[in-house]
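Okay, got some structures for you below.
Two complexes come next, and they have one chain in common, chain A, joined by chain B in the first and chain C in the second.
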Partner chain A sequence: MIRHSIRHIVRKEFTDVLRDGRFRWCSVLVGALLLVSLGHGWVQAREAQREHAAAQATARDHWESQGEKNPHSAAHYGIYAFKPRLALSFVDEGVDPYTGTSVWLEAHRQNDFLLRPAQDATSAQRVGALTAAQVLQHLVPLLIILLTFGALAGERERGTLRQLLATGVGRRDLALGKALGIAGALGLLLVPAAAVGAAALVVGSPGPAASPVARAAVLAVVYLVYFAAFVALSLAVSAWARSTRTALVILLGVWVVNGLVAPRVAVDLSKWMHPTPSALEFAQTVEREMATGTEDIIPPDRDALAERLMAQYGVERVEDLPINDVGAYLQESEEFGNRIFDRNYGALWDTFERQGVVHELVAVAAPLLAVRALSMGLAGTDVEQHRHFASAAETYRRDLMRRMNGDLTENSRSGDFSYQAGAELWESTPPLRYDAPTLGWVLGNRFLSLVVLGGWLAGTILIAAARVRRAEVA
Partner chain B sequence: MTARIVIRNEWRLLMADRPLRLALGLFALLLVYALANGVVWTRFQESTVEVAQAGNVERALAIEQELTDIENGAEPASPFSDPRLPNVLGGRRGRHTAVLTPGPLTALAVGQSDLLPYYYDVNIYTNESSFHQSGEVESPLNLMVGRFDLAFVVVYLLPLLVLALSFNVLSEEREQGTLALTLSQPVSARGVVAAKLAFRALLVVGMVLAVSLAGILVAGDFGAPGRILLWCAAVVAYALFWFVLAAWVNSLRRSSAWNATVLVGAWLVLVVVLPAAINIAAGLLHPLPSRVQMVTAQREASNEAVNQRSELLARYLEDHPEMAEGVVADEPGLGALAWAATDAVNRRLEEVTAEHDVRRAEQIALVRRYRFLSPALLTQEVLIDAAGTGDARFAAFQSQVRVFAERWREFFVPAILASEQMNAGVLSDVPQFRLADEASADVVRRAGVPLAVLTGLLGLAGAGAGVGLGRVRGAD
Partner chain C sequence: MQTAESGAGQPPLLEARGLSKRYGATQALDSLDLAIEPGEVYCLLGPNGAGKTTTINLFLGFVPPSGGQALVSGMDVSTHDRETKRRLAYIPEQVMLYRNLSGLENLEYFAALGGKGSLGRERLADILVEAGLERDAVDRRVSEYSKGMRQKVGIAIAMAKEADALLLDEPTSGLDPKASNEFSALIERLRNDGVAVLMATHDLFRAKETGTRVGIMRYGSLVTELGTDEIGHADLERVYLEHMHD
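So, the complex of A and B:
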């Protein structure tokens, strides 16, 4: 009996929604935007990935064919690393336009990532970037609000709520039926989009990623939870508000705070709680510490090193060493520099991550921030995964420098500046291989957002249930 | 007379409506918050600019000291940073930081100033790739989201407040049954709506302008009246556009709920969807080659250049006789050879950049053409241009730095080619960067077009509203 009545309500709500011209227009618009942004994102991501892969291959080629030279000259010549686009980045480009795409791995210094795509765009393009993720995070909730604000308030205004309840339908069944009817209508929009997205992933994945299918599945669940929370919230407001107008105004207010105000407030809050140095200050600190060291990190002393080496090998003069002391000194400088870089860049990236946590905390007031963090994480385009690649590139640089300095140390003698290595050495260094982090790593990073989003779903359902129970019939 | 009565009654009505009072209060709060944010950012930029300029002075003093010491018989601190060498004095050690001071109204609109570099270190090695450095240290996440500044409040939130204040300006009268009564008086629907909206517009625009002027007072000065006028004009035109649009929709004689839905839809389309659609179209029609190719091209050019330095030097001396007084290509110094290679790489980079810039210009032209469809994009452009944080000012700064870098090279390269040494005497002649900032008049001229189009859109909506309201009768 109860199940029977729910089915009726679901069918009635579903039919109502489909007959509503406003919904038809809105869904066509949102659906079209979703498909266009998915397609555009996919084309762009594939193009970028193809270009980066080609550039990476050319960079390796340059490295291998650099001819005979001193290993330290080769270290100065260095190699460029290009950040790969991960498979799901076509759904959510995340912070990618605002991080550099390539980094020069050279002797003595850890360089910044350069070439930020956003710097090539105009201010208008910065305002109006649209990705599938943005359609899902901003426009679908708006659609949900438009579908749901009148669900209960409207029945009450028309006086049909009293009639409906008089037929013996439970309040909870009524609300559940309405929610499911709306979900069914949304499904008409979301299922095809998800199918297109999945097809794009299977047909031609834009780039590598660890377990892209599992990531995509979790991504889908995250968005469904977000939408469900919005449906529950809208129903709660619709049950509580005295008129449809009030319900709509309140829900639009929630939408504005969630999508427009809270994200930007989070920016200021994060900068205020975890300030970053100015670029100039940062560069000056690194330059100063590279020149003089810090309290704990002391620059290498070339004479002391030579003494140590002579004692170790039991010789009197540097020229008698069986190795090249310059190579050993260069490696010590390299390790000194690495500690300075780890200290400064490490602190900076830690600050960025702490700022990210502030954004995730603001999600308690605006679920969009939790969904955005999870979406970027799963798409592989968040700050943490940029750092993951940057660290991989830096680790590779350090290994490369160790190999060059090692070759110089072992295969030449002190005072010999004519030593040259060749293609054999260049080819013996492995190319940069990057393994994107696993799903577990991403979810571990985004644990806070998972909790907050789950809290939103549970909270909105509880509030909706309470409001529906107490809703006035007229 | 009628207008005064309408306005007085509107004030009473507004004060009686708690949600509206709340909305207005919240809006005022957001305005102040946005301004405070902008002021903090301006102060940060100002202090960075000071540090950068102090750095120029400190470096020059240290070099002067060392040169004087050397002239008095001391040894240079290191043979690699001997300031007598023109490639040291004109290189990284003696570099000059060219600085763009914050735009006069940065506190009102952060614009592109958090993304684009506002200072560059210039030395003889400055080339096209030098312009692709990151700007200020900022988390990419924060850059992605953008700032909560006054321009944001005006472009995104102000229309929503306007719509909340005026979506039922006429439909409510009809729904309450007071429309017939009102129009039985010797007033027209046009007059009533105009008076009601004029009152609301005064309130909203007054708040925004008051906070803007307060911001200018706190963070800057009134030295750029053209910019301030432009800012105010854009705010007024944009706010009026939304009021008039609401009047037009009201004149269609539908229910308040219908009005609300249509107006929110219009906001969504004009502020969110159209800008996005224009950008997607630009990306699809004129895809931008990524800068990644630039890295490869630079690499290849420098590989080639290293191998053919003497040939390049001969060619360089042919091309630049003014740089090479007394240099004989047959016995070039190491510095001259190295310079020839550097120059060849720079030329190749300029070629690659030029190709890229052509494609980029095409894309930007398309975005600029279709931005006329969205009052939000037009307003955003005028606001940040007026603030001095728009793309044009940064582009102008970059081209001035380019010219300055050329002057810098002209000063040092002849000495490099001739293997000459520099002394303390030349220091006073070393080029200094002087920013030739755009005049208010230039900005007004540039922003005049989008502002005129915005006013045109306003006129269009106004005409529609005027005609529609003329048809409204009390018996509707």
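So, the complex of A and C:
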């Protein structure tokens, strides 16, 4: 039960903050930005999901109505796969604008993703695009700093701290009451935003997700922990600093490091520790290996395959084979290509993940990085979930190619270039069914960020408790 | 619980035993001994830096002593922070309040923290008026108050707490003569109610008017102690100046 004195401190802080014109203006501004970014993100995500669904249906229709043709031609005709926008992607669009949301699935190639809004954005859009996640990660902590920097330093500077402590109120109660009072004032800003977000999720979720409500609840907890850590840190600095000016300068420094410096350092450090090839270098490497193979991955030998098949079927000539050796060769080529893709894309994805771990470790110095990783993870827009979809799409592509090559192999003969399959084959190919990862999968991936963020909260509370206990009265 | 027995069997409400405070090389307070009984008003006189405010800070537990003890009702302030503060009220030289709250809201807040949350708004408004604030000012925001009005809210805070002992640090500094007289009358009332008062002041006249005893401090030491009924205004001034010019 909250102690009597804490209740009074909470009420007074709440009233004091609400009557402060600076808070009113700042909260109106931040609140408006938050609501607008939530609304804009939701409309955009819903629109994107609608367009993707329509495009996916069109792509499927094109696939099924492509007419009669050789299955290998159909494999080259290919089909598009669209990454679904998950339910919470309107809160945090994560890496989607950079990684793209659709991929063309065709024979012989594992293509890069297309539709990257960041590529098409004007410079003004790049600066002006503000998501709800950015408001929560950058502007709310700034508001917390502005509300909290004077919590104890200001009381000391004004002389009210002496009078307060002379009443017999405990320092810990005072700090806790102030923290809760400020939290209450922030609640006036965040609760409506959370309600709007929840309504958007319930009324018209932009897209599917495994357990979207649970994801939203965990996302809310993550942000609350982040804000609580900022409140505790601001109280600690306010208790330690000799003046409100010093407290404000230190806290603004922390904000700049957290929001601007650390993310840049994390990017540079992770690239330095785990370098990735440029897009051109990567494409050239894949192309070269596809042409020549590697030490371990040898390109298929068509003559050797023909020999094997003739031995297997007990015939002397390729023309006597009961199957089409070209189809078998195409499938072997696919499998060769798959190994090259697995080797190169696997290494690239693994490097991205190692870079992600560096980001999560730098979060020890800047909690924003932990929150960002968790936010993107829970919104389903992080690199890992992009990889999850890319793997599903690639698995689908390989299955599609196997079906096309299998049909060519089984239903035509070597040297028969007139064979054509029809709608029956295209329709028998199931559409891509994608199940987004579960909440447990996401949290397992982001365990390090959870630990770091929890550490930030525990650490800042301990520091605040120590600083408040030792805070000088005058 | 540490106790010190007075003549009547009860410990003095305020007691300093060899109380010392050193800041680096500076001896701010040197082995102060004093005891203040219920109904006594003890005035500490002395120039700036004599150790008056340090004495009050030590009784409030705002700074730890370098030696000796500050006791409230026999309890050591260092080890019984909350219990001793519950028995104390404090009025600083400049009462500082929350500008966004009214005088009444400020009083409600400080009274609640001092354990008097059960006092209703009516009673608190009456206390503000008893402390000398105009009735129509109690609901105005403190940002509109003069220094004298803030000081009256400070007095009301102390009155509402109904503390056993009152610590005053230059409480009449900056008050007009009328307000100062009202303040003296208030101290007289509290004294009659059995409250022990320790007042640090530069104001010799006020010390003679309201005090029952006067201690003159210099360089952190209590150099002499007088009963105010033993001397006149002129004598007090003469004794004070003698000690200041040694």
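Here is the rule we use: the second predicted complex is superposed on the first by the 472 of 474 C-alpha atoms of A that agree within 3 Å, B and C clash if a C-alpha of one lies under 4 Å from a C-alpha of the other, contacts with A are read in each partner's own complex, and residues count from 1 in each chain.
Just so it is clear, a residue touches a chain if its C-beta (ideal position, glycine included) is under 8 Å from a C-beta of that chain, and two chains touch if they have at least 3 such contacts.
This is a predicted model, so every value here is computed, not measured.
Once the two complexes are overlaid on the shared chain, A:160 sits against chain C while remaining clear of chain B.
Shared-chain residue A:249: touches chain B; no touch with chain C.
By the touch criterion defined above, A:16 lies against chain C but remains apart from chain B after alignment on the C-alpha atoms of chain A. In the superposition on chain A, the chain among chain B and chain C reaching more residues of chain A is B. Touch criterion met: A:58 reaches chain B, while chain C stays clear of it.
Residues common to the contacts of chain A with chain B and with chain C across the two structures: none.
On chain C, the positions that touch chain A within their shared complex are 57, 60, 62-63, 81-82, 85-86, 88-90, 92, 94-98, 100-101, 105, 109-110, 112-115, 117, 154, 157, 161, 167. Residues of chain B that touch chain A in their complex: 19, 30, 37, 44, 47-48, 51-52, 55, 111-112, 115-116, 119, 132-148, 152, 155-157, 160, 164, 256-257, 260-261, 264-265, 268, 272-280, 282-284, 287-288, 290-296, 299-300, 303, 360, 364, 367-368, 371, 376-377, 380-381, 384, 390-391. Chain contact summary for the complex, chain A toward chain C: residues 4-5, 8-9, 12, 15-16, 19-20, 158-160, 162-170, 473-474.
Chain A contributes residues 22, 26, 29, 33, 36-37, 40, 43-44, 47-48, 51-52, 55, 58-59, 62, 66, 80, 82, 94-95, 97-102, 112-120, 122-130, 134, 138-139, 142, 146, 244-246, 248-249, 252, 256, 260-261, 263-268, 270-271, 276-282, 284, 348, 351-352, 355-356, 359, 382-383, 386 to its touches with chain B in the complex.
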